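Look at the two complexes coming up: subunit A is in both, with subunit B in one and subunit C in the other.
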Partner chain A sequence: MKDAVVIGAGLAGLTAALRLARAGKSVTLVTKGPGGLHLSQGTVDILGYAPDRVAAPLEAVGSLPAEHPHASVGAEAVGGAVSWLAAELGPDLLVGDPARNVNLPTAVGSIRPTALAQPSMMAGEVTGGKTFSVVGIKQIKDFPADLIAGNLARSTAPDGGALTARSAWIDLPARKGEADPTPLTYARAMDDEAFAATFAKAVAAVAGKADVVALPAVLGAKRLDVWRQVAELIGTDVCEIPMPPPSVPGIRLYDALLAKVRDAGVRFVQGSRITGFESDGDTVTSVTLAAAGGPRPLTARSFVFAPGGFESGAVDVDSKGGITEPVFGLPLTASDATPLIQSVYWGPHPLFEVGVRTDAAGRPTDAGGAVVHPNLYVAGGLIAGAERWREKSGDGVAVATAVRAADQITGGSR
Partner chain B sequence: MSEKSRNERAQGLRDRLNNELQRMSLDMCVKCTICETACPVSAVNPLFSGPKFVGPQGERFRDDEPVDHSVDYCSSCGTCSVVCPQGVNVAELNSLARAVMKAEDGVPVRDRMITQTTLMGKAMTPIAPIANAVLDNKLARYAMEKVVGVHRDAPMPTARTQSLHSWLKKRPKPTKQPTRGALVYFHGCAGGYFEVEAAKKAIEVLEFIGYEVLVPEQGCCGLAEQSNGLFEQASASVRKLVKQLRTAGTDLTIISTAGSCTGMLKHEAHQILGIHDEELLDVGTRIREISEFLMELYEADELPTDFQPIEMRMPYHAPCQLKSQGIGTPAADLMRLIPGLEVLDSGATCCGIAGTYGLKKEKYETAQAVGKPLFDMVKENTDGLAACDTETCRWQIEKSSGVKTIHPIVLVHQAYGLGQATA
Partner chain C sequence: MKRLETDVVVIGGGSTGLGVVRDAAMRGYRAVLLERVDLGQGTTGRFHGLLHSGGRYVVSDPGSATECAEENAILRRIQADAVEDTGGFFVTLAGDDPAYADQFLEGAKATGVPAVEIPVAEALRREPRLDPRIQRAIEVQDGSVDGWQLVWGAARSAMNHGAKVLTYHRVTKIEREGDRVSAVMCRDEKNGEDVQIDCSFVLNCAGPWAGQIATMAGADPVAVIPGRGIMVAMNHRLVNTVINRCVYPTDGDILVPVHTVSVIGTTDVHETDPDHLPIPRAEVQQMLDAGEAMIPGFRKARALHAWSGSRPLIKDDRVSVEDTRHMSRGMAVIDHSKRDGLKGMLTIGGGKLTTYRLMAEHIVDAMNDQLGENRPCTTAEEPVPGSEDRKLYTVTHRLGEREEDRLDDPIICECELMSRSMFVELLHEQPNATLDDLRRQLRLGMGPCQGGFCAARAAGLACSEQVADSERATGLLRLFLKHRWIGIWPILYGQQVRQTALDHWIFAGTLDVEHLPQPEEEIVR
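And then the complex of A and B:
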């Protein structure tokens, strides 16, 4: 029997599995698909808006309402968890300070606060007086260089200063004859130094003078220093701007974390859903893996449930608006979605705050605060109280609650 | 061609593609592109526009229109369905679409030949030295490529002079009395004729830990026919196999060393061929891949683990059709119980062969490009051997890396001190 089964391989599940394995625990990590990292920016948000733009995320965590998952973990523990993850991944993948947000340009030219980012993105920090040259690749459809430059040029930097930005394009197929290449196709091509050099030469020819050349985030899938090579060849700082899925920076984080988890001896089971559980009284004894050829019980002493939120199907809304958590049937903060969906698209939607209540240890509780299963912990998007996409808090919640769950299981030992 | 007209056959398959429950899974696709990032074929060949593009994306608009022919580049490795977070049956839909296409356009003679695995075994075993010499002959392989369309450098099985059943008849009866009851052993075509040593060792391991091993006469599961779009033939093969396996008992666990054929019985015949028989469901739920079974014993503290050490590095590749069973990589877990054995996961998606895909002259280069990271990994990390659970993948790895590649059970056999060392 394993010490723990972790369900879900998003940022929360991977973090929990790694933290448990580092503490010497035997772990099975089970997941249907890879989690949300492939669709993410490849950065670690802690708190971006509350509701105004946040400059010091840990400080801002202190003033969140008590029901917010960050408040339940506490600013110090949130910072500690994020720093631990950054140290695990190392400065080739994540840099920055959890106490201070950086403001980075997005793929539509807006300005987005985040806490940790990849080193290839950092030169893009939006500060007053900076000049951007945004260079697109004709073959890549999801990097509208003109829109990005146009929006940056008409924006004011968060420090109040003005910005200059212009756009340029290169025509460089990654593979001959391919009509609709994904960013990953280019990133794989950049793993070859010769292609990256050809790319840099083409960019240098059109970029013009600028403080920073902003490029689609395709600078290498496996080779993490492509951005340095390109910057040296161009002779100007470069920054990667994350793109819509498939997200190369997100895939880098996923690949690195999964490799660490597997190297640490974690059993990895992918492709089957967890559909239910067995218990002895309130104690969960196994979860049921719906494998090909029939159900298989996965037994363990403790369980970390990190299935994501609505967007992952971890919280289900039926056609009549009924809200349920389908695996454990956990009590949720609301059972009817109808009054929680607002008519204004960009407005706050309380539905997204619906989830599982937890005690201070991260165990699901009912409305009265009683723990439902003493050996079941939840981590990440399933926890109630955060509208993660609006606040830009999802990564921080995932990491902090995953570390909390793991440390509860190991008794805080590392 | 059988009595059914080509049009009828195509229409029947198209109705399944258009109407069956798994088509509902199309609507679960959120276009997240995760399947496209994981597809080993589109990563190396831009002519394949990817599992989402030809599958959930294109399929919605297809209805009675012709199938996008680039689906023929899909190798049926099944990775797209494994990684899909939303539960879309991407690979299953694309397999059906390819069957429709082949029913409409006709199936090359080559594809009908290379799917006859049992026939190959039966024909080659009595003349093994000659068969092997022919398959090793450059001129013969060149002619085979020109005439049949099997690439001259593609891996071929090695014929053995004795089939598994012939060995079973001639060997001395086991002296140890079974202490744990009986199991049914499913060896697959390869275990019966080409990978006979691995099959023998699997039987000896199961007997050593206390089981009586029943080996009924058995044919092919039809997987190769299925992946070549020959659904009628594949359905007949798997139905016959199901009956054969049930002759040995209807309540015994069935143990298999044929990783992909296990997947055929567990889910593919149901999901891709659309067979909903009770008998198939019965066999599909009783069957265990051998490492999966031994790890289930281990989890229940019922597996003897007094293994003798094997001091070496062991690159291990988990085949696609084992990964698609959604049970993790039990062979890696099992081998890690052997002291001294340093099991190194390949981390590679696919070896490229995908059953018969990598044999075809027009797919050979794609298959080699798919497998290249794996071949490099094996070469860099080997102490003389590599391990993998399925036959055609072993032949592919061995041929392309030059490293002898064995079934993990061979190492378990050695670690239990049974017979001569391989490693």
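And then the complex of A and C:
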């Protein structure tokens, strides 16, 4: 029997597993596939909009409604959790200050707030007077350099200043004869210093004079200093702009966290779903792994449930609108999707705030506030109360609730 | 103001209008078609995709049945690239009266609709998802037809014969000189310019909007009763054969495999405004129940998109053209010279997409009579551009087309296998188009992800190809997302909730599209 089984290998599950292992607990991390980081932008958002642009996220967390997942954790703990993760991953992967947002350009040219970002992105911080040269790679279809530059140029920086941006393109195949590569193909090619040098030379030839050269986020999969090499060769600061999935910056975080989790002795089981659980009274005794040879119980003293939200199927809506959590059958904040589905695209979508209520320790509760299972903790996207993509809070919620769950299990001892 | 001159102005860019403009042009008339938005954006683009064998009408409307059977054969010849030969079954479900099938077979014989009863086991072998409790199965020659391919094929044919097809031209007034129509006034919406088109004849093919158009000519109001029906597209081809319920025509009794999806339809509810057609959740549930009755487990399948279309039913018996004996009950032609004392204008309503060519033939015949001309119809013989090889559409055609260039041409819309060059080519051909306009011809964003991955790429290409500046490209992206949502939220359940959440993570989460600088006026066309 393990001290804990963690379900889910997104940012929440990986963080919980690492935190538990660091505290000396024996942990099994079980996941049906790579988690949501592959789909993310590879930054750690805490709170970007509330609903106006947020400059000081931890301060803003203090004024969130009580139902918000950040509110039950508290600003101080959110900041502590995010800082702990940043220290674990180190400045080659995450930099910034959880108390202050940076505004970074997106792959359509909007200006997006986040708390921590990868060092390769930071030179892109959008401040008044800055000149961007946005350089696309012809073979990469998710980095529309002209649209990005055009939108940046007609935007006002959050500090009120004007921006200058222009675009250019290079034609550089990562692999010969491949017309439709993914960003990952380029990122792997960049791990080779010679290819990165060729790339830098091509970019330098078209970029022109600018404060920063903005590039698709493909500057290395394993090698984390590609951006430095490229910047030095070009002679200008560079910034990576994250793209839609598959996300190279997200994969970097996933790879790094998973390596740390494994190094810390966590048993990692990938490829099978958790389909149910056994209990003794209210206490969960095991979860059921649908392994290749048949169902197998994974026993533990405590369980951290970090399966993600609607996007990962952790919350299900049936054809009649019934909303359920299929693994533990946990009580949710709503059971009927029908009145929550909005006909207007632009605006809040309350359906996606539906999830599990928790007590202050992160344990699921029913509508009356009673804890459902005393040794089951939830973390991340399953927790109700936030439309995380809209307010840019998903990573912060994941990290903060994962750390809370782990610390509850360890009694805060590390 | 811009001024044009022509013989006949055709109003309405749906199948009827395009059939009419093609027919008129092929008979040597100078013809201009006016459409207020894009082609096939009304009823023609909002049906279930069924190319009727006629089977549906063998009992209820024998005249229509015969027409459908004949036109079905003609469209396979002249518009092969829009038609897939799926074949069709009429099945008696458990609980349906098996005797209706006898009535059906008799009706089919009488109307000349090819129909053969096949053993239930054979039907189940060919469509294994059918409810195994079906009692009888009759095979017919249904097909599926892409309404947009159909109208664009007709449009290209008409243009080759000298017609002008003007989209985004909204009719504002129909001028008369004494008791005759003399000109159509319209607004070129893209260029913000008024256009006057002098003409001697107006053919009002505006479908559900025909009443509004007739009023613009000063005619007495024409009663159009939009009969709304909803359709739901399921993610897969749950069947490869059109499945009809073998009962007297009712709601939710057809499942049509079209392209990579299957479409269940439909309902029939009277509405008052064809510009506002809801997709009520109760009707979605009704469609899912109907699907479940034919295909057990239907509710567990993934629904992709829903839409609502309006049948252009005209109720006006006061005056019609002399010879209606060839016209089925669903078709109505109003002769405004008799009805309103206004010469040079006919209004057409009713009809079905399957018989659109025949409707056009009737209407242009009626115009011939009024003009004292004798110009025979030739539309049933000549294939439209793109269908010269008379090869019917097959669901694998894009895979075949991509085989050659798969190593050179990136795919912009993976769900529908739309390559970059397909998109860029049409973008330059129609630089004023919205992404939805391009979608109707290319199927951009119509697959499982509903634009999640391709929409931003498409907007980026519009910008890079310099058909739109960044402000317009952004507006096009926003408009596309907004429009996709209209058909997503009514069926938001199951796997599509998961997809929607992922799409939100991309557009709101990673790209923060909501906070792009807004133009002073939202781009709407």
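The rule is short, and it goes like this: the second predicted complex is superposed on the first by the 414 of 414 C-alpha atoms of A that agree within 3 Å, B and C clash if a C-alpha of one lies under 4 Å from a C-alpha of the other, contacts with A are read in each partner's own complex, and residues count from 1 in each chain.
Basically, a contact is a pair of C-beta atoms (placed from the backbone, for glycine too) under 8 Å apart; a residue touches a chain by one contact, two chains touch by 3 or more.
Just so we're clear, the structure is a prediction, and the values are computed from it rather than from any experiment.
**Student:** Based on the shared subunit A superposition, would you classify subunit B and subunit C as clashing or fitting together?
**Tutor:** After superposition on subunit A, subunit B vs subunit C: fit, no clash.
**Student:** Once the shared chain is lined up, is A:Arg267 touching subunit B (first), subunit C (second), both, or neither of them?
**Tutor:** In the superposition, A:Arg267 contacts subunit B only.
**Student:** So in the superposed three-chain picture, is A:Trp346 touching just subunit B, just subunit C, both, or none of them (first/second/both/neither)?
**Tutor:** The second partner, subunit C, only.
**Student:** In the superposed arrangement, does subunit B or subunit C reach more residues of subunit A?
**Tutor:** After superposing on chain A, more of subunit A is contacted by C.
**Student:** Looking at A:Gly177 after the superposition, I want to know if it touches subunit B, subunit C, both of them or none. Which is it: first, second, both, neither?
**Tutor:** both
**Student:** Tell me which partner A:Gly33 touches in the superposition: subunit B (first), subunit C (second), both or neither.
**Tutor:** First partner only.
**Student:** Does subunit B (first) or subunit C (second) touch A:Lys320, or do both, or does neither?
**Tutor:** Touch status of A:Lys320: second partner only.
**Student:** Output check: A:Gly150 vs subunit B and subunit C. Expected answer is one of first, second, both, neither. What do you get?
**Tutor:** second
**Student:** Tell me which partner A:Val108 touches in the superposition: subunit B (first), subunit C (second), both or neither.
**Tutor:** Touch partner of A:Val108: subunit C, not subunit B.
**Student:** Classify the contacts of A:Gly293 with the two partner chains as first (subunit B alone), second (subunit C alone), both, or neither.
**Tutor:** The first partner, subunit B, only.
**Student:** With both complexes superposed on chain A, which partner does A:Gly309 reach: first (subunit B), second (subunit C), both or neither?
**Tutor:** second
**Student:** On the combined arrangement from the superposition, state the nearest Cα-Cα distance between subunit B and subunit C in Å.
**Tutor:** Superposed on chain A, the two chains' closest C-alpha atoms are separated by 5 Å.
**Student:** Pick out the shared contact residues on subunit A: the ones touching subunit B in one complex and subunit C in the other.
**Tutor:** Shared contact residues on subunit A (touching subunit B in one complex, subunit C in the other): 39, 177-180, 245, 312-313.
**Student:** In their shared complex, at which residues does subunit B touch subunit A?
**Tutor:** The touching residues are 32-34, 36-37, 43, 46, 49, 53, 81-87, 262-263, 265-267, 284-285, 287, 299, 323-329, 333, 345, 347.
**Student:** Name, in rising order, each residue of subunit A that touches subunit B in their complex.
**Tutor:** 1, 28, 30, 32-35, 38-39, 175-182, 184-185, 188, 245-246, 251, 259, 262, 267-273, 289-294, 296, 299, 312-313
**Student:** Per the contact definition, I'd like the list of subunit C residues that touch subunit A in the complex.
**Tutor:** Contact set of subunit C toward subunit A: 281, 285, 288, 299-300, 303, 406-412, 420, 453, 456-457, 459-461, 463-464, 469-471, 473-474, 477-478, 481-482, 484-486, 489, 492-495, 497-498, 500-502, 504-506, 508-517.
**Student:** Subunit C touches which residues of subunit A in the complex?
**Tutor:** Touch residues, subunit A against subunit C: 39-41, 49, 53, 106-112, 139, 141-142, 144-147, 149-151, 153-156, 177-180, 242-245, 247, 309-313, 316-321, 337-338, 341-346, 349, 351-352, 388-390, 392, 394.
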